[in-house]
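Two complexes are shown next, each including chain A; its partner changes from chain B in the first to chain C in the second.
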Partner chain A sequence: MSLLSKIRETVLCLKAGRVTLPYPAEPRPVPPRFRGRPIFDAAKCIGCAGCANNCPAREILVHDVCQELRIIQYLGRRCTFCGRCADVCPEKAVTMSHDFETATNAIADLSQRLELFMSTCQRCGRCFPEPSPLERLKLKGYRFDDVASERWIFHSKGYLDAESTVADIRIDLD
Partner chain B sequence: MIKQLCRKMFRKSLWVYHANSGGCNGCDIEVLNVLTPYYDAERFGIKLVGSPRHADVMLCQGPAMRPTAAALRRAYEAMPEPKLVFAIGSCACGGGIWHDSYNVLGPVEKVIPVNYYIPGCPPRPEAILYGVALALGLVEKKMCPVTLQRRRLPIPRYHPESLVGTGIEIVYKDAEKV
Partner chain C sequence: MAAREKLGFLRQRFGSAIVRADLTSDRRLYVFVEPRSVKEVCRALFRELDARYVITIGADDRPWSGCFMVAHNFAFDRDRLLVSVMCLLPADSPRIESISDVVPAANWAEREMRDLVGIEAVGHPYPKRLVLPDGWPDGLHPLRKDVEWDEAPDCDDSGTGYDFDDPPEGCTVVPFGPFHPTLDEPAHFRLYVEGEIVRGCEYRGFMVHRGIEKLAESVLGYNDIPIMAERICGICGCVHNVAYAQSVEEAVALRPPPRAEYIRTIMLELERLHSHLLWVGLACHIVGFDTLFMQAFRVREPVMWIAEKISGNRKTYGLCVIGGVRWDITPELSDELKTVLDKLESEWHSVARAVKNDRNIQRRTRGVGVADAKVVKEMGLIGPVARAAGVDIDCRRDHPYAAYDRVGFRVITAQSADVWGRLVVRTDEVFESIGIIRQCLARLEPGPIQTPIKEDLPAGRFGLSSVEAPRGESHHFVITGENNRPRRWRVRAPTYQNLQGVPSMIRDAQLADMTIALGSIDPCFSCTDRIEAVDVRYGSVKVWTPRELREMAKRPQSGRDIKDS
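Here is the complex of A and B:
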């Protein structure tokens, strides 16, 4: 009886074949919705610190070194890869990568640091990014609009030339 | 340097001791997952032992807590030299999301020296295997600190007379006007 069960066990084991993954030798892809390390993009970040305020691990530090330079520092050491920073970022400057091979022997290797140039508000004297969120809201009548002939600029990098075009009017409907 | 030391000191099998000093058990499950036939850490000679006195490597999970810090320290001291410590999970690496709780001291680094860090909450079993392979010198490290700078010239925001259209963008004729 016991011999029979041993034989049965052997047959079962042989039938299963090899299940061990050849992992470190061969790459192992992650599931598509896997959240790995967040990656910060300095070109898109406007320095609003929304990510820092929403991080449950208080992992993102924001400090202004001077009037014009804001440092956003992601430490990486107690990040739980929850994806809230990517969720709240209004500019989609944070992406949750598929990066999981983050083991290291120096914890500072995981940090990411953004140095952002910020303009100074002429009224309140505090720094804000350029183009400002106000510009992004495309407020009517803000700054260089041609109020006299009722033409508005809806893009912070746009400008008006001498003659009005049909395109101006079309944007105005917005 | 640590890698060379590892190769020299730990040429034979690594016996690991699994210490949880107050984690949520998520990382423990992933560590045990690594020892299953599917991931099979035993092909690297890794064996889980029940006592720190038999172990070469300590796998730490969970932050250093007020009640467990002394026990963690004692377990570390009980391990024979040479010894390695792996901090597995965000809790052990940096205190985790409870880093500011009343009874959390912080990362295990505050109590015992740590050689390797495997962040994640919990890390994938593959990530733990990768960390072990890194310590054994089988793979290369992929991480390095990143600094991204985005600097621009101060912009004469309230001097529209210095703006010139080029067709696509505004050009600032004299930037030092601010």
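Here is the complex of A and C:
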């Protein structure tokens, strides 16, 4: 009885043969739907910040330097490649690439920075057509995420002033 | 109309103590009870009507009703009914009589409620901290609404010892965990051992409590949470993802389109397939049978690949949004999935035949880790553990969700109540899952995969969802809220209940049987509380103290901080 099952198990192993793949000596192609690192296209981006509002990991920062210049910075540190940014982008400026070998010694290598010319935009949020009310832009107006220390600040203002918004939020930096 | 029957019984028995009752459907009953009668209502449900205990939820409802809220959830599996016994407690004295002496399974949940929400269970038999670390300041309850999500108090406990119980007379303490090569998760068992025989244990866990519920209630949005929910578990992530979406959909009466329900069913069963194959392999690995461990993982790999083709990821499929799913199954993927299933079925037949007749595995697992039907009832054990003890419960059949009411399958049970029984149950469930996916693929009707949502979701509604994870029932409870996020979201993973059955599984058993009895828990002294960093150029040694490490963890992380050294 037991011997028979041992023979069965041996046959099982012999029939399987070798199954290990030569990766990473040879690259392994990924399926078409594979979700790798998101790539942000500055030429297509209109700066609506829909991706930043709907990023579950809060990995996309938005900072308005002045009336004409908005910085959108993707950090890539704890991004889980869920693809929500690509889902909600009205301009298809975010694509989920097939790039998954992202190990690096300097985590800043993974970040992407978009410096966008915003014309005379008032940041009313109308250029972001939300797929449903659940994705509606919560932060309209000007945003002041702390790009320097890579901190997300869920706060916006209807106007730009000289004082930085960062100061009125309680942040423990050290 | 089982719900009306139960409500009639409670009304007749408790009269005016039943303040309010919401029957949202035939399958859901929310009973609001006077706080003083909660224990007796629970006793009547659990002992007289033979309900199964699910979970206890504490919620801070002060901003809305001015009260704290407690809900004890029970399930009537044969009647397809989930009952929530709720009560409101005054904000100035959040105290309620403990039900743990009537319902032993409520032990952890009541301790967690005290830790996180600050609702005291008066008369609890073992009122020790469960979730919060020993050094956490008293009176600070993280799930209260007046506590910020990023509150980080000083929890330095380096000066004090750990708050452990004394072992019984004549027993030696053998620490298990928190880190060991075969230990999947950091949990610490202090085993009281007499010779080779385990007499009892103390459990300390929750070492990687991540505060996901707090994040969901204060920072994330409705559609961000599914992505976060599937990170609760690395194996049954999709279960939490679906369970959350379903509980919100139930709360706001939103029905996903049929195609989305079938796709959810398919992905849940794919997840069950890979999880069962993984577990059978792991169980073989623990008893020292690595050949079958390798074969189980080989057979499992195509399941991971097809999941990757459908969802874009081997695990963490990112499947659900509120009202539907994100990934469609095209005809090509459907054909490919069928091929994978055919191959898997024939291969698993040969593996299962080998496992079931292998006398070595039988000798190693028969009569080990016994949890009989009585333990299952008292401790609220679920999933394969319950089914292996002959308790015929399965949420897929008892509380049907997604498309499970439209497919046929057998619920596999065994009578031996031991590890062998669990192995048989999980091995055979693989074939049922294959059958379910085939039926879903055959019935997959064309149509949309998301229900459009036109308006904001209404606030203050309750939603319950039980989803049968590979390991047992995952139960989610949601109170919808304002600002596009829930007020309260409580997750009860299957291991939460099953771990509470471990002490009785290992009592009076051989120490060497612990490993397989606990599935993946093994003894180890590894309570290292510091790290050494050696500078190779100078040979100097710097020892980091716990306080320094904690400070380092609080500092904002940025790429520039990390340098090669």
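Going forward, the second predicted complex is superposed on the first by the 108 of 174 C-alpha atoms of A that agree within 3 Å, B and C clash if a C-alpha of one lies under 4 Å from a C-alpha of the other, contacts with A are read in each partner's own complex, and residues count from 1 in each chain.
Quick note on the criterion: a residue touches a chain if its C-beta (ideal position, glycine included) is under 8 Å from a C-beta of that chain, and two chains touch if they have at least 3 such contacts.
If you're wondering where the values come from, they're calculated on a predicted model, not measured in any experiment.
Undergrad: Look at A:Phe81 in the shared chain and tell me whether it touches chain B only, chain C only, both, or neither; answer first, second, both or neither.
TA: After superposing on A, A:Phe81 lies in contact with both chain B and chain C.
Undergrad: Quick one: classify A:Glu101 as touching chain B (first), chain C (second), both or neither.
TA: Touch partner of A:Glu101: chain B, not chain C.
Undergrad: Would you sort A:Pro56 into first (chain B), second (chain C), both or neither based on which partner it touches?
TA: After superposing on A, A:Pro56 lies in contact with both chain B and chain C.
Undergrad: In the superposed arrangement, which partner chain does A:Leu4 touch: chain B (first), chain C (second), both, or neither?
TA: second
Undergrad: Just chain B (first), just chain C (second), both, or neither: which does A:Pro31 touch?
TA: A:Pro31 contacts chain C only, not chain B.
Undergrad: Touch test for A:Asp109: chain B only (first), chain C only (second), both, or neither?
TA: A:Asp109: touches chain B and chain C.
Undergrad: Could you tell me if A:Val19 is touching chain B, chain C, both of them or neither one (first, second, both, neither)?
TA: In the superposed model, A:Val19 contacts both chain B and chain C.
Undergrad: For A:Phe40 in the superposed arrangement: first (chain B), second (chain C), both or neither?
TA: First partner only.
Undergrad: Under the contact definition given at the top, report the residues of chain A touching chain B in one complex and chain C in the other.
TA: Chain A residues touching both partners: 19, 30, 56-58, 77, 80-82, 105-109, 111.
Undergrad: What residues on chain C touch chain A, complex-wise?
TA: My answer: residues 152, 219-225, 227-228, 231, 291-292, 294-295, 298, 301, 305, 308-313, 316, 318, 321-323, 326-327, 350-351, 353-354, 357-360, 452-457, 483-484, 554-560, 562, 564.
Undergrad: Could you list, by residue number, the parts of chain A that touch chain B in their complex?
TA: 19-21, 23-24, 28, 30, 40-43, 45, 56-59, 68-69, 75-82, 99-117, 119, 122, 130, 143-144, 157, 159, 161
Undergrad: Please give the residue numbers of chain A that touch chain C in the complex, ascending.
TA: Interface residues on the chain A side: 1-2, 4-6, 8-9, 12-13, 16, 19, 30-31, 33-35, 54-58, 77, 80-84, 87, 96, 105-109, 111, 132-136, 138, 149-151, 154, 172-174.
Undergrad: Contact residues on chain B for chain A in the complex?
TA: 2-3, 37-40, 43, 90-91, 93-97, 99-100, 107, 109, 115-121, 123-124, 126-131, 133-134, 138-139, 141-152, 154-155, 157-158, 160, 163, 165, 169-170
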